[in-house]
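Submitted below is the structure of interest, expressed as structure tokens.
Going by the order they are written in, the chains are A, B, C and D; count residues from 1 in each one.
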């Protein structure tokens, strides 16, 4: 645990460059990835934190970057389809090989999350800026440490059930919304040798990623997902036939 | 599956005999157990349904009754402490040996449920007659078949997280309340060879057990928990040393 | 439950047509799919059972066939790569929409299984015709009913851990082999609205699919995975962006 | 994380004092608890490690000792019935309140484990000094780090399925034995706010607790179960009625 954690915060960055919604300029002057990175830096002082966006060469997710990343955070929304399949496959190999992955909010519909889950990852949805309450249902879980019960988000987009995901390894948080909907808002999985945490709060229209309690959840998630002492394994998910004959 | 299901609905029956709350007389003229039994009878036409209450000899749960019960439903509230430890142990042996068990509402604090869970089974609580919405989060589960999304209960006691139970085998329903609390309101477990379903809606102050959709959940739960074709096994949970020497 | 179950047994059918291994001719005169179909027919008398192979038009898995299939069984080995991506996607949509799926033996490396799991599905492997013992670790599970403890397979290919799958919903069987390896040989999942059962025993070199106890496992699996009374839902797993905009 | 971990190794200590089997004298000159404590001390250098035995006043498990214990290890076999119910209840309160618990080998039949599980915890059993292979089935789990695949124990008592426990949170290890039996030999649970790890290898007849790889599993388990930064919560599992009225 002596070496610093290496964190990469990925954001498609399209709302930031398009200036829509207009509130982005005041809510997130450094982009959502900037707000997340700053929040993490405050809570994991020795971390090495990088950010990357869709517009970067190879979306900023080269083999070299991924190989030196302990935990990747992923935020996407209106540009899921613009993410290259090659980069998605590269990220998947690293997750299966041991890299931690935090998928945030509308990232539930990202190619990488859908590919790792095997389901549609669809959900109920409505955006009326309602109050979200995030309740801890697993107080023993490392990700729940130090989080208020409930965590109050004054204004948020509503995500509701049925959320079409596999049963998670651990259900950490359940949210309710003013309209009465509920959502499994904090869930963990492992796939191959990698640990995955999906956390739904956070949206381009609301300054959720400026809340200290949200920073705490994300920092807890990063620490939980990181396996800095475990060598990255090279999984082999390519052509199934190649797999098979390699075994014979 | 040709023989009829044998169902025993157990209710402490103290609110019924005390006449408190006064609304019981109109909400439940035949007692809560009567309303539940009638609801099940309408949906499982060939079932053999009995009821039993605390005041019955051996609480109506003799060895003979349990041995001829496929699924036992349990409602208790203000008289948990009056249930004999001997009867609780007898019920437990049958559950571990294959009898189905549905634990209802305030039955979360019954001796039988606490003993099977191993935890405190405590929860957050407030009674202001709020609206409860019951959301299905596992639409593939047999217990969720035919249940509206959400199931609306106009007035209910609030049960909230943290609910101190082991992780369930299956999380079927999550509820929200007007106050914003959430609750894992429909959860399954197996213990030994028996199947257990805990379902939180239902209270002596509100006519919840008169709602057809609630009857449907209970009937689904009974069908799911029943193993009529599986011989009842005699578990041996008595003195640990006896166990051990029996093996040598 | 009054209508008969509609079962489709899919086999790539390449060992059958190639005549390798030579033992196929005596072990499986009607092909492995023929042996499986006959075994199911004996245990689910009213079932409508079809078979299909890789060489059929659209691999025998047209939209019409899948729409009228309650449970699909899948056996593949040396021709995973020849299965059309379009057909795999079609099967996946039906599974996510509610069709049951049994994946058999070397089907762990099929495109459909890998796609639903999100992992490599790789495993340890050795073929020396060893004895496999299949132990029930969840005797309450419907798939374990009537199965001997242990189920003995005289000669089998060894599949061992680590088996790279997500944590299953239910772990039903664990196998051991003469060499001392262990394997989670019977595991269930749900994905979307479909139920999935993976069962590892069965191989082209050994007459495993002629054993009555294996037929019983498969018949139990089919009954468990079937949801004949639930309308097939149309999931939407196509282009993520299309999903998203459909919600706005 | 700066304060040292506080570990208490509890052993009934009856084989040690009775001198049966005779091999104890050479296998475990300082008792099994001594061997375990020495193994942990070598791998968690800054830990504060105490031992306690049945013959100690209050079995060495006073309120003061438990309140200053982060993780308790429990070994028992022929004297389960001599452990005072009052001490068992005290230990249970601490586990539910956040103390870690490692239950070892024949401790599966201890009062504390049975009480926390709610099942019989019975298993298949035979003692012929066979080879046990411990296979990791969850390589991402913290308890599996640095453990050989498989871990070989030359001579061991056989524990086999069906092991009557609730579904574990995480299945980490599965063992096989020369006779072909299998066993879920490393499983985790949380109950209340406490983390529990059951690990089956280890017996009074064989020097299992002298193997470095076994020490590594136990040290990993201790680190995983410890929550040194989380205040011990006082659960309330006493009289159910008291609970209920406290809420009203």
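Here, a contact is a pair of C-beta atoms (placed from the backbone, for glycine too) under 8 Å apart; a residue touches a chain by one contact, two chains touch by 3 or more.
None of these values were measured; they are calculated from a predicted model.
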Message: subunit B and subunit C share one sequence, so how far apart are they rotationally when you fit their Cα atoms? Give it in degrees, rounded to a multiple of 5.
response: 180
- prompt: Between subunit B and subunit C, what's the gap in Å when you average each chain's C-alpha atoms?
  reply: 35
Statement: Chain-centre distance (mean CA atoms) for subunit B and subunit D, in whole Å, is 33
Task: For subunit A and subunit B, let me know how many angstrom lie between their CA-based centres, rounded off.
output: 38
Message: Residues touching two or more other chains, restricted to subunit C: which are they?
response: 138-139, 167, 169-170, 190, 192
Message: Based on which chains touch which, is the overall arrangement a line, ring, star, complete graph, or other?
response: complete
Statement: Note: in the complex, subunit C contacts subunit B through residues 98, 138-140, 145, 169-170, 190, 192-195, 227, 229-230
Message: Applying the document's contact rule, which stretches of subunit D touch subunit B when the two form their complex?
response: 77-81, 96, 106, 109-111, 114-120, 122, 125, 164, 166-167, 169, 189-192, 235-237, 239-241, 243-244, 247
Message: Which stretch or stretches of subunit D touch subunit C in the complex?
response: 131, 133, 135-139, 149-150, 160-163, 167, 170-171, 174-176, 178, 180-182, 184
